[in-house]
Amino acid sequence: MLDLIFYLLAVIALAASIAVIMVRDIFRAALCLIMLFMSVAGFFLLLHADFLAIVQVLIYVGAISILIIVAIMLTRDARHGLPLDNYKYWAGAVGLLLLIALAYGILNTTFTLPGTAPLEQTIQPIGQQLFGNGYVLPVEIAAVLLLSAILGAIAVLRDK
Amino acid sequence: MMFSVGLDHYLILSAILFCIGLVGVITQRNVIKLIMCLEIMLNAVNITLIAFSQYITPTLLTGQIFAIFVMVVAAAEVAVGIAIVFSIYRSRESVDMENFNILKW
Amino acid sequence: MKFERYGIGIAKGMALTLKHLFRPPLTVQYPDEKLVVSKRIRGNELVWFPDRCTGCGTCTKACLQGNIILVTHRGEPNKFIVDKFELDSGRCIFCGLCVESCPYDALAMGLEYECAKYRRGETILDKDKLKLTDQHQPSAYYRPQFAAGLPKQSLLIYDKKDGGQKLNLFPLSKRKRGPGA
Amino acid sequence: MEIVRPEVNTPQEADAVEGASINQLIAESTSAIPDPDRWIDEVLDRNVFLTTADTIVAWGRQRSIFPMLFATACCGMEVISMSVSRFDLSRFGMDVVRFSPRQADVMIIAGTITWKMALATRMIYDQMAEPKWVVAMGACAISGGTFRESYSVTPGVNRIMPVDVYIPGCPPKPEAVIFGITRLHAKIIKGTMDNPMLSKH
Amino acid sequence: MPIKTEPFYLNLGPQHPSTHGVFRLRVELDGEVIVNVEPIIGYLHRGIEKLAETRTYTQVIPLTDRLDYVASMTNNLAYCLSVEKLAGIKVPERAEYLRVIFSELMRLANHFLAIGAFLNDCGALATPLIYMWREREKIVDLCEMTCGQRLLFNYMRVGGVSQDVPEEFMPALKKFVAEMPKFIGEYEQLIKQNEIFLARTKGVGILPKETAINIGASGPVLRGSGVNWDIRKKDPYSIYERFDFEVPTGEVGDCYDRFWVRLREMRQSVRILEQAIVQIPAKGPIRADVPQFFRPPAGEAYGHIEAPKGNLGFYVVSDGSIAPYRVHIFPPSLINVTALADMAIGWKVADLIIVFGSIDVVLGEIDR
Amino acid sequence: MLEQFGYVGIFLLIATGFTVLIPLLPKLFKLMGLIPGKKTAAKLVQYECGMQTIGKTWVQFNFRYYYFAVLFVLLDMLTIFLYPWAVNIKDLGVGGLVAVGIFLVILAVGYIYAWRKGALQWK
Amino acid sequence: MTLLDQFQKMLMTAGLPDWAAYLVPALVGIILIIAVSLTLVIIFIWWERRLLGRFQLRLGPNRCGPEGILQPVATGLKLLLKEDIVPAKADKILHFLAPIVVFVPVLMIFAVVPVSEGAILANLNIGIVYVIAISSISTIGIFMAAWGSSNKFALISGMRTVAQMVSYELPVVLSIVGVGLVTGSFSMLSIVQAQSIPFILLMPLGGVIFFLGCLAEMNRSPFDLLEADSEIVAGYHTEYSGMKFAMFFMGEYGVALAYSAVIATLFLGGWSGPLLPPVIWFLIKVVLVFSFTVWMRATLPRLRVDQLMSFAWKGLLPMAVINLVIIAIEVLVVPASMLWLMVILNFAFAAVLVLLWSRLFTLGGGRVEV
């Protein structure tokens, strides 16, 4: 059953991601991207990462895609994206090569799986981890990163 | 419950997604689409992280924590990226990568 | 200007609407209950009294758009016999000028206002349709002689007990269906 | 009659096209469109099951009419009177006034339609989704009323679109309009039953 | 420097919920911001001025009803005044009072609609309009009692009014006048201090005093900009000099001021009505002896009044025949609406709608 | 947890199926002839108050709130950190509160900066 | 132990295989939820029209069935048999998909709303976050409709959606965190169970902020900019007719119902209440919340989009953050037995904050500024 869901989601995800780069109409491409985000949230669920799945929807679908849509609306040539440029073929080749390399690596590595049951819910342990054990500093650094992103974005956007 | 889909499946899947994203990043000339492709790549990375977390350290959730930080980075990247797009669009009125040559700008 | 009222303005407005929730609604459930119209109403049909009409044609002249078609022929000395007296209620603006001008009180505004028609042709009122019948009564517009028999208009200003419009706090929908419903 | 207009890109072009289309409309609408009244005197016979089906359909259509208030002139005032508290059109389920023709069922033409407006009127009528009905309210909509002689006024909207119910008056009292709407209800019931698919003809 | 985009055109109207009829605005928008507004009129051009030349003097009166149909008796009055001026007719005392009573009732009726529709444009779901229409309905009842119609009364005649009021009229009017202040108070309570309403209207669509005067605006639009100008005071017609009332004015000339001027004008109208009820002679002729098909001497006359929307003028030229040679109508709405572009440019679509609503135009009058 | 989300998943499937069916029903009825109407060129023109659209409809729309959109994306990240903290507040105690406090303060700096720079102003 | 689990257990003991025992109750529950919520939506449409009528001194629909309750049914029937128009220039696929994308999330919200003790389909431990996340998908749907119908009015409406979403999501999220702080969980069930005092008393400011945010999400007055019919005709669904329009219509009321239920659950104590059975209490609370929104709709004018944004960004957001910090400190400091102290403190803080912000906000040039 879960296998089926996995393959279903995988098909959706792959189709959506291919559509993102193939579809000319950039708004539709953005919608395909949203589809991808949703299916990734589905994977997260399958992987027992319920909190992250919800956050994926909240952040990616609710915020990032909105920003992308705003960007699409604001910039010209929106309706018909620019043509793909000439690197098309060797970009495909590079992608394929990388994929083969990766797949080779993945399939030839044996991971040691502990086989312990996954946690029932993740939000509590994540909280414990983030603010309790050792991740406090990264959290604050993330805050600083966000702050610098705000400052940067404002600085870039500011009226000159 | 039966769970025959294993870590490998997720890793392969995210590898494919990553490569699609990569191809997109190389080929796209529209900056917004380029950012979208970057998002695909980051999502692929997230899937990997969480898959590892789930299969290798199911109780520690290190991968999930890492994924959170990836999301933060992704958000920052998109925000700044789009801000730059806007900023350049203001002066160049284009979203073509060709025009994003920072030296000329 | 400061926002110094802390939302009190909004609260006041909301209080007023809440107060209205407990006032009786003004609605007249028209096809089931009807308002009494004004005695002088200029209804959407006219009433013509053939016996009083001399065929003088003043009304046709008074009508600002030549809406009244009057065809007469000469009968006895100094008398006209009206062959055709027709007006198009689809075109009439019910201004009452024809009624006002008729020297023989042969024309009056009607009380009737439920005149919706399916066909354009039906809106044309000929001699027969203009005649006085039980359903087709004249109003007191410029014809004070008809005023006596007419009921008092139901005004919104007055309460029910002063002869105004009836207002219920909890009106139930009528079981009885109006025409066509 | 259908006025198809080319695409325009500037306001000037739009004005030119509008003018040309108005002239075309005036030229094309010289006589009245016959009233859609085939059903009025007909005796309908059909089998029992379908009668129930289309009774339900007719009930739905008749009970919930979304009006498209096409209030152009003085009659529009009476339309407002009719829809606010004293006469309250919403009792008939007509309080969902849609301003988009896509969602409206009946177009209540309340007011004078000039030739300039007739073009827009016709366009909106075209844009309404079927099934749709038209109520001509007031002398102006029926026949041009007192402005019939004017060079700029359409002598009755039945020149540009079929009209289902005529409500004489200038303006008709709100009661008169509601009466007209009950007539329209009757027509909708019969008209729906007149559906060639539902009833065997 | 904001991002530049090509402006686009949007047609608001002729069939649009808040253009109060068939007004059409071709708006040039940049995002939601208005770059340019081009009012396009003529969708209700019925040729009233032309038609008036083919009708007798009395027959023009129903036509004038259809100009500003919200307050139709004021049009009758303006027309009758100018014809009376032309023919030198003296109006009987009681008729003068009736005229004043009805024109003040019309002013109330008009302002009910103007304020209600304005609030509707602000987005209040018809509630203020409905509450105000309740009172308007009472006025309509009074008028129906007098002349049998609810909207286009065709009541005034050259030389007076067409009929005397029935005897139920005066008590009903008294009751109406007595309860009006309470209802005006309710409207104030409903909306005047509402923060959202203030945010929407304060400082929006400012029409400076000088601009208002220069474009020739009149009525509440002019008074909202702080100009104390009211023809009832400055050039009293009929018997307005006998009444004691004030002319409310605004301060800055924004939408809120125009709204507020109208609301206070309603109180003044009630005051005038109160005085008129007391002063009106109980009996007397109501119409000078003017035949139905009368021929005024050749000449011309201009009469203007303070209609609810502003300065309404009629210019009548007679060549001595049965029909006027020319009737020109000087409508307040047409002049006021020219201020729209001045007020709306730089604001947003939502503001355009309320600025337009605050001008209070009627298309019958603009297009004629 | 997975089975709870399983319910959500099944719900999603059923809801989608049900919802897709709704707009397809009229198409069926149309085939059956219950719905009148045929497509005409004038009917398929987009509605713009009875007038013709000038220029193209997919205009480049000047969305002036892009500052807000960018800020929103960044500040929305708060949620990722606040939710896990909120459910653990009792366990994390003052330490967690301080950590989150610093986090909030850092972001508040950005917010105030944006405000001061006029990014929260509509121009 | 929810009803669903009990049902499941019952089936298991009856000898059904695992998957069937899992699936059957789920299917029954889902169909029940969809049916009940759609029925409720229909009743709510009628209720709003009647109530609005009474606020406006009129009656509202009353001729269709007893007191007009069948009115929405008739409307639905009519719309079902109405022609479906897709403009020639529209993006056909998006035009078709948009109502679905709007409607499905609305239904999905009902999956996590607890109707009474244990009567919940999916007891997610992050139920309320799920609601917020799901409803942001509706925004995408609305934008699809706006973009897909190739109409300028719709486009303006679509951009307004984005503006609204961008400004109201954060305050809503932050006030939810406040709830989570007190409860220690985001599960809808535990939130209700934790409410010995309704949270609207415990954190009045958070409640108000959440309510305002929900109003914006529901697109109801005074934040109904999307369909501001006096401005942009019918907003994003200008080009929709027939059943697709009906879906937007239903979706709109469905979201109103869903959010009323969420507000009732989060801040009014959900199903808990004396005497009456829990379901009745829950319904009463939902109807109360909904009626309150109708009341607001009957009274208030609409805000302009930039005013809405500055209100959210400069008013609600900082207030929500301060509120959050205050609650966090209180949760750590105030012992659980002294909740009334928190009530008093929070009311005081709320009053102070509101007064402070009202002082700060100015109206200038038609703009709300600080």
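As written, the chain order gives the labels A, B, C, D, E, F and G, with residue 1 at the start of each chain.
Please note the rule applied: a contact is a pair of C-beta atoms (placed from the backbone, for glycine too) under 8 Å apart; a residue touches a chain by one contact, two chains touch by 3 or more.
None of the values given here were measured: they were computed from a predicted structure.
A.B. asks: Can you list every chain in contact with both chain C and chain E?
C.D. replies: D, G
A.B. asks: Tell me which of D-E and A-F has more C-beta pairs in contact.
C.D. replies: It is A-F, judged by the count of C-beta pairs in contact.
A.B. asks: What chain is the most remote from chain B, judged by the mean position of CA atoms in each chain?
C.D. replies: Here the answer is chain C, farthest from chain B.
A.B. asks: Determine the centre-to-centre distance between chain C and chain F, using the mean Cα coordinates as centres, and give it in whole Å.
C.D. replies: Averaging C-alpha atoms per chain gives centres 54 Å apart.
A.B. asks: I'd like to verify one number: the distance from the centre of chain E to the centre of chain G, where each centre is the average of its C-alpha atoms, in whole angstrom.
C.D. replies: Taking the mean C-alpha position of each chain, the two centres sit 44 Å apart.
A.B. asks: Averaged over CA atoms, how far is the centre of chain B from the centre of chain F? Could you give it in whole Å?
C.D. replies: 20
A.B. asks: Tell me, which residues of chain E touch at least two other chains?
C.D. replies: Chain E, residues with two or more chain partners: 1-3, 5-6, 8-10, 14-17, 26, 31-32, 62-63, 126-127, 130-131, 134, 137, 152, 190-191, 194, 196-198, 202.
A.B. asks: Out of chain F, which residues touch more than one other chain, so two or more?
C.D. replies: 1, 5, 34-37, 41, 43, 45, 47-55, 58-63, 65-66, 69-70, 72-77, 79-81, 83, 86-88, 100, 111
A.B. asks: Enumerate the residues of chain G that touch no fewer than two other chains.
C.D. replies: 53, 55-59, 62-63, 68, 80-85, 124-126, 129-130, 147, 152-153, 156, 159, 162, 166, 169, 173, 186, 229, 233, 238-239, 242, 298-300, 306, 363-364, 367-368
A.B. asks: Going by the contact rule at the top, pick out the chain G residues touching chain F in the complex.
C.D. replies: Residues in contact with chain F: 4, 22-23, 26-27, 29-31, 33-34, 80-90, 96, 99-100, 103-104, 107-108, 111-112, 121-126, 129-130, 147, 149-153, 155-156, 159, 162-163, 166-167, 169-170, 173-174, 177, 180-181, 184-186, 233, 238-239, 242-244, 246-247, 306, 309-310, 313-314, 317-318, 321, 324-325, 328-329, 331-332, 367, 369.
A.B. asks: Residue numbers of chain E touching chain C in their complex, please.
C.D. replies: So the residues of chain E touching chain C come out as 55-56, 58-60, 62-63, 127, 131, 134, 137-138, 141-142, 144-149, 152, 154, 162-163, 166, 168, 172, 175-176, 179, 186, 189-198, 202, 292-293.
A.B. asks: Considering the complex alone, what residue numbers of chain C touch chain G?
C.D. replies: Residue list for chain C touching chain G: 1-7, 10, 13-14, 16-18, 20-21, 23-27, 29, 171-173, 177, 181.
A.B. asks: Taking the complex as given, what residues does chain G use to touch chain E?
C.D. replies: Residues 52, 55-58, 152-153, 156, 159, 221-222, 224-225, 228-233, 297-307, 363-368 of chain G touch chain E in their complex.
A.B. asks: List the residues on chain D that touch chain E in their complex, please.
C.D. replies: Residues in contact with chain E: 11, 14, 70-74, 76-78, 80-81, 84-86, 99, 111-112, 114, 116-117, 120-121, 124, 146-147, 149-153, 170-171, 173-174.
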